[in-house]
Amino acid sequence: MIGSPFIQREHNSVRLTMAKVMAALIPGTLAHAWFFGPGIFVSLLVCFAFALLFEGLALLMRGCCFKDFIGDGSVLVTAWLFALSVPPLAPWWLYAVGILFAVVVAKHLYGGLGQNPFNPAMVGYAVLIVSFPNYMTQWPGPSYLVMHLPSLAEAFDLVFAGQGAISADAYTMASPLDTVKTLMRAGVAKVDILANPVFGRFSGSGLEWVAGMYLVGGVLLIANRVITWHVPVAFLAAVAASAAVLHAIDPGNNMGPLFHLLTASVMLGAFFIATDPVSGCATPRGKLIFGALAGFLAIIIRSYGGYPDGVAFSILLMNVAAPFIDAYTQPRVYGHAKGGKVGR
Amino acid sequence: MSPETREIIVNGLWKQNPGIVQLLGLCPLLAISNNVVNALSLGLATTLVMAVASGSVAVVRDYIPQAARIPLFVLIIAALVTVVELLMHAYVLALYVVLGVFLPLITTNCIVLARVEAFASKRGTLHSVLDAVMMGLGLTLVLVVLGGLREVFGKGTLLSGLDLVFGPVAKDWVIQVVPDYQGLLLAILPPGAFIGLGLIIAARNWLEGMRARRARVDSPLGQTA
Amino acid sequence: MIEFRNRILVTASALLAFAMFGAALLSGTFQLTRPAIEQSERAAKMKLIAQVLPPDGFDNDLIRAARPLPADPLLGLRHPGEAYLAMRHGQPVAVVLEAAAPDGYSGEIRFLVGIRPDGTVAGVRVTSHHETPGLGDYIEIGKSPWVRVFDGKSLADPQPVNWKVRKDGGLFDYMAGATITPRALVKAVRRTLEYFQAHRNELLATTKEQP
Amino acid sequence: MLSAILVMAAIGLALGVILGWAEVRFKVADNPLVDKIDKILPQTQCGQCGFPGCRPYAEAIARHEADINLCPPGGEHGIRQLADLLGVEFKPLGEGRAPKPKSVAIIDENLCIGCTLCIQACPVDAIVGSSKQMHTIVADVCTGCELCLAPCPVDCIHMEVIHENVGSWKWRYPVFPIHSEPAGTA
Amino acid sequence: MTQPIYSFPGGLHPADHKAESNGRPIAAAPLVPRYQVPLRQHAGQPAKAIVHAGDTVLRGQLIAIPDGRISAAVHAPTSGRVVAVGPHPVAHPSGLADLSVVIEADGRDEAVAMMPLAWRDMDPAELREHLADMGLVGLGGAVFPSHVKLAPGPLAIDTLILNGAECEPWITCDDRLMRERAAEVMRGAEIMRHLLGARELLVGIEDNKPEAVAAMQAACAGGNARVVVVPTRYPSGGAKQLVQLLTGLEVPTGKLSTDIGIQVFNVATAYALQRAVELGEPLISRIVTVTGHVARPGNYEVRLGTPIAELIALAGGELPGASGQLIGGPLMGFDLDTPQAPVTKGVNCIIITSADLFPPRPRAMPCTRCGLCAQACPVRLQPYEMYLYARAKDLDKARAYNLADCIECGCCSYVCPSHIPLVDYYRFAKSELAAREREQHAAELARERHDFHSERLEREKREKAERLGRKASERLEAGAVAADDPEAARKKALLEAAVERARKAKEAAAPPANTDHLSPAQQAEIEAIEARRAQAGLGGGSAPAPDEQPDTVAEKT
């Protein structure tokens, strides 16, 4: 028997929330396609297909509510975020391995929807960058900088038939973060590095627009009350502050805050990944701490770590700490003392 | 086989498996399981130390004063480990280099001390040796499975590095499981050890759970739970 | 009080006895295995050095022929290393130098270079590095044969301007991904050759071995 | 070689003296664990565990002589608490022990002959009455241990299960009504 | 009129559905032939019936007296004959029957003599004495006995708050009451102020009831009470939330509002108090909203004990497609098991449900910790954490997340996108914890009694031993003076006495049975009998079949 309340908020479901998140991802995805070619649609499609396949298989194996869960949309959000995090035009099996780890290992082995301690998309990304770093660093360059950006049909070929048809050199470029990391290690002066055409006005050429579109989508999410402002604001503020401090200490070897803020992964992380309620913090103060530490770690890993980007690792690291932070940031409950006004 | 003997064997290999049930000795388990050969070598070295340590403790157990129990056990184990280390250094140098610090670390492997303390110091010599060997083999089993998994997924081979034990002849014994394999590097790297061990533990729990469920359905009280 | 003293005595003597027995056991094993350990250590080192030597072989005791190598910046060494001179029929066939590339992606890459008297490389083997797995670790011979690109190269072939990775306009191939690692190694091998050129005579001097 | 043995011997001797002294000096005597265990037990004093009362059972558990799953009135929750306290694995109630519904003893007042045997048997003095007088059970204090049933010569005592009423009713663990799915997806 | 300057966190704005029932004036319900008056209509101990089947009663006659301090009297709703005192269906979430007095109305509706009180001239203590037997309880839903709340606590009451917020959707009984009988309500409130000695009197009303606000403001005009209009937001009508809204203060956890000098009463309680004091009429009726999927939704003044089915009929009956009834509002009420249950003091609203008005809750999905529940919680709890532990039956953990502070308002369940019935888990955990506490208490009691019992046995044994020992030594002193060593002799005597005692105890423990000390012949005969019995299928003699029981008993005695 189920008791009161006997009414529920209308138009309110997990599926709807997921749909809103996906809607907010559209601007960023379109911007990505505009600058880096339609390859992103192919990888997105491939990721969706594998995600639904693995989700379905996992649900069937677990023997629980296949019909209820297959349509909840959570796996599509995971697949979408994953597809935006990995280079498009990589071989299909790369996406399969990433999605396998994201959906089966990171999500269903821990109990499925709502039970995963780590953000599944980021687990998939981390597995790939650690296992196949060479594929994961081959990003297509902006259309106006590379020789030939594959069309939709060529993208299909690349993903499914391998790289025979068109040479990777024709469309790939070192990503801005990669360039920064490699050249700075090699001792090239910062001015010379920034002369590289992959840099735009503030950050990566083209990528700064994608980042901006993620920002637009994220603001829409906040306006729609799908997420609260705490995590993104804390995350971005911490990224800016940490980058500013490092830049102030050693301007020759560190990029400024604006460069870091306007990288696509920072914006995607701030609004779509660090805000994942399942694996993040839930108390208001906890969200602030979570976001701030994740942003700080992202910059630290970017600057001193072995891989060019650190957003995924920083968020995964903070995922581990989230329950702990939550436990220590419980809001003061009505009628409980401690700073609050209780009684006369 | 007496029921007691059988229980010791089952406990060591499955029920109380040190690697995936008691979760003891994880440090070498995780560090040295990146391929089958390393895993097997460390597992057997540990088993050897365990057998001799348990046996000798069981022999002298009546003469060990209560307060000096742990220091004495550690003394015996440390001495044995050092002997094994010296021997390996002398005769299988390549393996000795690969196993590195984890060889002397057998001394601090909890499972060795745990079996000495929990079993050998209270039971007869033969049973103690059997228990130690079974526990050691249980650990070796987990190590080999984990090493095999990591090697196959990480490199697509099995038994690579066999030449470290048997000399260059053994280079041809390496089994290429998947030809032209890309290599899931994660499996070879340290995180792969954790994920692999987790999966093995999960698999064991799943098996046990299935067995328990089947037992429950068979019992008259079935279906209620 | 008697009881008290007895307890202490029993504990202490048990520990004493076991400690003495253990120490004796270890000392004995140590004495027994020492020659075997020394021998296998030497064999292992020989095996590594032999990899960078010309295949036609040598007939002297390399380890005993080792001579100190200063921490020269050209070699990239932070501490003095060693050079091994291989000879056949009293003639030097190659010299093996320890060297390091200090500017790898994640720190120092140490390697051995075998150089023939004519200045060509007989072989390069990386002995230790910290490069990112999957990106920079193909310099290990166990992971990839890439490091063989140095075989037969010398300061004259290719020309010094071409002692670079392809990306920087040189002749050396590299594998997809980061270029820092091969770049560092190419540079370091070239410098080692320069060092050899500068110190050729002393390195190849077949001074009679000390009695 | 000799030096190695001597060094080890000296260390062994020194440590041995320290250990022996510490053993005598820091002996732990009392066992506060018994109280903690006793606090978890339901105090029905029914003896179903095979010990004459809750405290003796607690002492046996503390001495590792008795298992933690022998107390039916304590139920699963009790075993769980004991397992937590002692840091051991939870195990279901022992063989042949099943928790009974909570009940209270009732004396059939027409049959009672006033022999006082049940009064002596009751571990919590829940039965009032005196020789040759009819006895009554104070229901509020009765723990339902059934120890009074056996001694009664006329079998005038029976157990009555305490049923739930509006006052003692508990909200149930939520069970979802199945709207959409017919079967097979439980 | 100053606006409230305070607020509480969280809360909801559900569709209020007040218009359905607040358009019509309160209608008096006619008499029905049969009334069932439950003895438990209030918080605390049920009342004790003082009438029996066959008694005749008059309207307002006391039929059950309070049992203990936290309890309330029950009165006959009309004149008639008591036909039964026994379990009857009641409006309770459990659906269990409860002890009720069933009265068959005689239709004359004769009343007992009622005594109006000139309260302004009376001492509060004296007035309270009169009130104790009037059966007054809080009519907002908590049904806590009013005479307890009207007694002064350790702290002087500074502020008296009249709760007219009525924040739950659908319910309009307080709205109509304030519109139509504002003066009486305010007079009741004045009596309360008199009893409590409160300085300030505030009336909190939500701003979706402008007519009620106007009426109450008119009734307050000239007096020193103040109507405070609060924004419409559920659950502003929760006592603690209203206190927070009007004063900005929080009631400390585990304490009452009186601990901070504030007392809160529902407007309907004030009205009932006014009737009890100024008319001398005990609580025998109340205003009930009947609304939802029913022909004529509205408010009815109903005698307590009226079967709910009769009341629904009065409101024109259920419309086709009705699926059940809710008691109370949709957020905190409960599903009624049977409309045969009567209206009681706590029943403020009956909602006839239909699938359109109350669509079934969709299947629950797993919690995604989205945090909407925490944002909606008016007491700033973390509902998803409590749910997690309550669901896992880890009640101690759930308690550590302040489960006890949950007011079960239902906001979290309302907003949950996973449609998890969160409050059900809390209710389960809370009642389980309460039961556990009761058990713990019983165990403490049993331990004490057992310790005492053991000690008594010990003492008796010791005293007996001493007695025997004394006797032995007396004998010793009298008889064997010549013994060499009196100490040894005494010890020996004690020993003998102890052995004797043990022998006796053994005998006492194993009373001689008629099967002891038998001759071989007798033994053989018994065995033959046993064999015959076994053949007859009666089983071994040691386990007599039940029908043999009397025989065995006879043998023993």
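First chain written, first letter: the chains are A, B, C, D and E, and each begins at residue 1.
Operating definition for what follows: a residue touches a chain if its C-beta (ideal position, glycine included) is under 8 Å from a C-beta of that chain, and two chains touch if they have at least 3 such contacts.
Here the structure is a predicted model, which means the values were calculated and not measured.
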Mutual neighbours - chains that touch subunit B and subunit E alike: A, D
Contact distance in steps, from subunit D to subunit E: 1
C-D compared against B-D, more contacting pairs: C-D
Chain whose Cα centroid lies at the greatest distance from that of subunit E: C
Where subunit B and subunit C are represented by their mean Cα positions, the distance between them in whole Å: 33
Length of the line joining the C-alpha centres of subunit A and subunit E, rounded to whole Å: 53
Between subunit A and subunit C, centroid-to-centroid distance (C-alpha), Å: 43
Whole-Å gap separating subunit A and subunit B, where each centre is the average of the chain's CA atoms: 39
Subunit D: positions in contact with at least two other chains: 12, 15-16, 19-20, 23, 171-172, 174, 176-177, 180-181
Subunit B: positions in contact with at least two other chains: 65, 67-68, 71, 75, 183, 185, 189
Subunit A residues counted as touching two or more neighbouring chains: 1-3, 68, 130-133
Contacting residues of subunit B [partner subunit C, same complex]: 63-65, 67-68, 71-72, 75-76, 78-79, 82-83, 86-87, 89-91, 93-94, 97, 183, 185, 188-189
Footprint of subunit B on subunit C - complex, ascending: 7, 10-11, 14-15, 18-19, 22, 25-26, 29-30, 33, 36-37, 40-41, 43-44, 133-134
Sites on subunit C touched by subunit A in the complex: 103, 105-106, 132-135, 175-180, 183
Subunit E partner contacts - residues on subunit D that touch it in the complex: 38, 41-45, 53-54, 77, 122-126, 141, 143, 153-155, 164-174, 176-181
Parts of subunit E lying in touch with subunit D, wherever the complex brings them together: 40, 46, 90, 92-94, 96, 98, 360, 362-364, 393, 421, 424-425, 427-428, 430-432, 434-436, 439, 442-447, 449-450, 452-454, 456, 549, 553, 556-557
